[in-house]
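Presented sequentially are two complexes of chain A, the first with chain B as partner and the second with chain C.
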Partner chain A sequence: MAYKAQYYPGATSVAANRRKHMSGDLEKLREVSDEDLTACLGHRAAGSDYPSTHPPLAEMGEPACTVREAVTATPGAKAGDRVRYVQFADSMYNAPATPYFRSYHAAINYRGVDPGTLSGRQVVEARERDMEEVAKEQLETEMTCPGLAGLRGCTVHGHSCRLQEDGVMFDMLDRRRLENGTIIQDKDQVGVPIDRKVDLGKPMSEAEAAKRTTFYRVDNVAFKDDKEVVEWVHRVWELRTRYGFQPKN
Partner chain B sequence: MREIIPNKDGRIQVEIFPSRLLNAETAEILLTELNKVEGVFRAMIQGPRLPRKVSAGPGTGEDVRHTARKIVQIADTAIELSISVGRIRLEIADADVKEEIRTVCERILPFPFEYRTGHFFHSKATVSDYAKHGANANPSMLGMMDPKANVEDQVCILGAQKSD
Partner chain C sequence: MADRERMFKKAMEVKYTQEFGTNQNKGGNITDKTAKYLRLGYTQSPRKVEMAAAGAAIAKKRGLAAYNPMMHCAGIPLGQRQLTPYTISGTDMVVEGDDLHYVNNAAMQQMWDDIRRSCLVGLDLAHETLEKRLGKEVTPETINHYLEVLNHAMPGAAIVQEHMVETHPALVDDCYVKVFTGDDELADEIDSQYVININKEFDKEQAAQIKASIGKTSWQAVHIPTIVSRTTDGAQTSRWMAMQVGMSFIAAYNMCAGEAAVADLAFSAKHAGLVSMSEMLPARRARGPNEPGGLSFGHMSDIVQASRVNKEDPCKVALEVVGAASMLYDQIWLGSYMSGGVGFTMYATAAYTNDILDDNLYYNADYINDKYKGAAKTGTDNKVKATIDVVKDIATESTIYGLENYEKYPTTLEDHFGGSQRATVLAAAAGCGVAIATGNGNAGLSAWYLSMYLHKEAHGRLGFFGYDLQDQCGATNVFSYQSDEGAPLELRGANYPIYAMNVGHQGGYSGVASATHSGRGDAFAVNPLIKLCFADDLMPFDFKKPRVEFGRGAMREFVPAGERTLVIPAK
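So, the complex of A and B:
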């Protein structure tokens, strides 16, 4: 029987959503064009070629190396792209993703990525076109609600603030806002105005966000309600504690 | 229910903590209505800052032009909101005023809010207050502003012209 990966324990909706994020089995909810994504990321002009940091690998004449032969280079590495980043902030008020699960999604489903997990934001560094592929999937699928999450390269403040009256996560740099029922972004990740208004789609309703979230919250699905998760967390903590206990005499 | 402990002037302090950050329009209506209540002596609003310029990252120096940063009119005074209002602290005369304020909030705020009594403005000058304002600081200004800021930028005295 073929092995089927078991990503995360638990019987609640939060646990099921966490398994979805980790496995990459995600529902696509919206469309963001490549040019719009490039504009929002702000690393190069929309529609321009990818700048490179070295010649394509095929032209470089690589040394004989078993590891290089065994590991196929990613498209970005083959082309010699620069390493660039995408960074998301997710509201603690039932945003679909949490920083850890964005990292798990990137690390499990993509090669050549370097996810960084922080308390209120999550960054993925990779070759530019590889990074854009991760960013596009995370932005277009149920991993992101445009109202409760945002592309934020700097000044990420807002993930733990109360939501605004219109239900949108606070953004100090006003990169995106609710206009006529959809979220419109007119600045790039770092707050520099861009030449277009990017429609990121409708924000999720409160009920939908509560259904799709990977946050355990006492006012939605409490962590302690998920008996299997609690059991496994206890087991992992116990085993790592025992492993770390090394009497010297 | 917690006992209301007045300060030495017999005044009490309350805090309104809405479950959402107020937009400028709601904040203007609420502050205007609170200003109409007799027996409110001091008010302080607090919330996340709305900067004029980007202060970090590659976009440093770019204008933000935040849509929430608006000029609000409270009585005869125009104030530029440089924060998104998330908390309002008031010093009021007595428990009757407290209930009147609760009624105003219930009427205006379209979402739940926390409403509590406590000591929110400090009554003795701190070292920072001493460094900024000296030994003879106006006691009614204590706890009203960031000690690093200018009084003119952060404190409005409503109806000051009338009383003059």
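So, the complex of A and C:
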């Protein structure tokens, strides 16, 4: 019988959404063009070639190496791309993603990525074109609500702040805002103005965000009500604790 | 349990529904999920306006750029959110955030000065050497004379050298030596000005514990001048003490300054009985004794004196330790010594402002008293056995209560705007609660790690990557028998292997160590000598109430020691 990954315990919608993020089985909700994505990321001019940090691997005459033979290089590595980042901030008011689940999504579903997980933001570093693939999937699918999440390289505060009166997550650098019912971004990740207004799509309604979120909240799906998840946390903690206690050694 | 009035309600209302400075922050409710972001910039804060004016004046005077708040984010200044004040937990003191940076707060500096400039040194070995090796008679009268000489000499005065420069007494007036002993008869015979009176400073039970622990030994609590300690470092404290102690013995007991027997006295009087506040660090961290990295959580618990005056309120004792230790370990040790940063203040303030941690811990005490028959009340025969099930139950209840507060009261979430702040507060509450209930510090530590796990799964986030590190692997070292992994919590400290580099933990751990003993009503956590060293109202910083002192510092009411105004031009 082929093993089928279970990913995450729990009987609630939050647990189910966590399983979706981890498995990569995600619903696409919007389109963001490659050029718009490039502009928002701010690493290079939209439409320009990828700057490289070394020649393509095929031209480098790599040494004989079993690891190199066993592991196929990612497209970005093959081309010699720079390592660049995408970083998201997700509101604690039912944004679909949470930092750990963005990291799990990237680490499980992509190769050559280096996810970093903080409380207010989550960064993925990878070769530039590989990173863009991750960023595009996260931006275009149910992992992201443009009103409750943002691409933020710096000054990321907002995840824990109360929402603005229009329901959009606070952004100190005002990189994006609600205009005519959709979220418009006109600065890159670090707040440098870009040459366009990128339409990131409509923010989710409160009900839709509550349905799609991976965040347990007492006013939506309370953590304590997902008994299996709590039980599993207890089990992990107890096993680790008992493992450390080994007087026989 | 029935819903209860939250202790942080008033602080949140002050912070988020009332105007402070010119932040136009009026109205609304602390449970609102949305807010108006007015983007008023730094000018909404009176203190930042003052700082901006100072920066401009400095730049003009020296002809070189200085503090300018418009340098923030290429011209987008602080204050895109409302800049709001902080209530010092356990008080009604409302202060500006900037005034809780230790550079701006004389009380915080003095707290660390008072620890760093202190050491203990035993008298008994010196007296034995004087009597047996040098043939001198030691009596209460000679001890009184010696202490009078020593309190002249310790600040930096001459006693036998005849032609010497000396320190000006008005610059070193915070320097002194007192003694304490578990021998009540001897204590009665020493002039009271020199004595830390155990029977007066502690209640009957605690005094008996202390005296039983130290026996009839006698000790000197030495506090060298703040100005000396600030100019040198913590390792200087025992050296300064040693020189003055040696010279004072020579003078007080009319000894020859050159005979060989004096070498025996020098060792026995100055070094053999030395107790520093903290241990020296390994060479890669390169700090001597009496620097914060070597300060154990047990010693930190004993330095804070809240246990003497709040015996019936074990939560308050632990909370005062959390406040003091968060300031020292996060703001000064990791925040400055180790990283040179500014932002660490924000980690520490979460633990001692706005009553959020206080609310969580007092909730835990109610829960424990209800479920475990008063186990959170002060006492030794009411404790619940430390088992996996007990830790699991209390830590889970505590953490879910705290998590749900952040969800029900969005203003508390915004106040603790970083996950590391929230993680420390929740884990400290769980750890202190279990420690109070069980009287077992490592059970409290175990609760800490369970709280971290629960928090991470509930919110899908914890702290920053480095912050989480020790919390994700810590459960395995709680009860480890291997000496390089496990140790009683009281003996762990800022340089414990996986604690050494991460902000936001060490103050909480100290609180758990303290709670272990405050719940039992113990006189001390790990070292009665350290407790006695600071059981003394002459210290400029009042270690009975560190949080009030921080508030006084922020309000510019605290008077520190070691000032140089006497010897510099008047402004």
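What we mean here is this: the second predicted complex is superposed on the first by the 245 of 249 C-alpha atoms of A that agree within 3 Å, B and C clash if a C-alpha of one lies under 4 Å from a C-alpha of the other, contacts with A are read in each partner's own complex, and residues count from 1 in each chain.
The rule is short, and it goes like this: a contact is a pair of C-beta atoms (placed from the backbone, for glycine too) under 8 Å apart; a residue touches a chain by one contact, two chains touch by 3 or more.
Small disclaimer: the values here were computed from a predicted structure and weren't measured.
Asker: Judging by the criteria at the top, classify the pair chain B and chain C on chain A as clash or fit.
Answerer: Chain B/chain C on chain A - steric clash.
Asker: If you stack the two complexes on chain A, which partner ends up touching A:Gly244: first (chain B), second (chain C), both, or neither?
Answerer: second
Asker: For A:Glu165, decide between first (touching chain B), second (touching chain C), both and neither.
Answerer: A:Glu165 sits against chain B and chain C alike.
Asker: Thinking of the overlay built on chain A, is A:Gly153 touched by chain B (first), by chain C (second), by both, or by neither?
Answerer: A:Gly153 sits against chain B, while chain C stays out of touch.
Asker: Is A:Leu173 in contact with chain B, with chain C, with both, or with neither (first, second, both, neither)?
Answerer: After superposing on A, A:Leu173 lies in contact with both chain B and chain C.
Asker: Output check: A:Leu41 vs chain B and chain C. Expected answer is one of first, second, both, neither. What do you get?
Answerer: In the superposed model, A:Leu41 contacts neither chain B nor chain C.
Asker: By the touch definition at the top of the document, which applies to A:Cys145: first (chain B), second (chain C), both, or neither?
Answerer: neither
Asker: Chain A residues in contact: does chain B have more, or chain C?
Answerer: Of chain B and chain C, the partner in contact with more residues of chain A is C.
Asker: Per the contact definition in the header, classify A:Gly191: touching chain B only (first), chain C only (second), both, or neither.
Answerer: both
Asker: After superposing on chain A, check 58-66, 76-84, 256-264 or 508-516 and name the one in chain C that bumps into chain B.
Answerer: Once both complexes are placed on chain A, chain C clashes with chain B in 76-84.
Asker: Identify the overlap between the chain B-contacting and the chain C-contacting residues of chain A.
Answerer: After superposing on chain A, chain A residues 155, 157, 161-165, 167, 170, 172-174, 191 contact both chain B and chain C.
Asker: State the interface residues of chain C toward chain A in the complex, per the touch definition above.
Answerer: Result: residues 32-37, 73-74, 76, 80-81, 388, 392, 396, 400, 403-404, 406-408, 410-411, 413-414, 416-420, 422-423, 446, 449-450, 453-454, 456-465, 468, 475-482, 485-486 of chain C touch chain A.
Asker: Which of the residues in chain B come into contact with chain A in the complex?
Answerer: Within the complex, chain B touches chain A at residues 18-23, 26, 48-51, 54-59, 62, 64-68, 84, 86, 110-111.
Asker: Which part of chain A faces chain B closely enough to touch in the complex?
Answerer: 153-155, 157-158, 161-167, 170, 172-174, 177, 188, 190-193
Asker: Which stretch or stretches of chain A touch chain C in the complex?
Answerer: 18, 92-93, 97-101, 116-120, 155, 157, 159-165, 167, 170, 172-174, 191, 214-219, 222-224, 229-230, 233-234, 236-238, 240-247, 249
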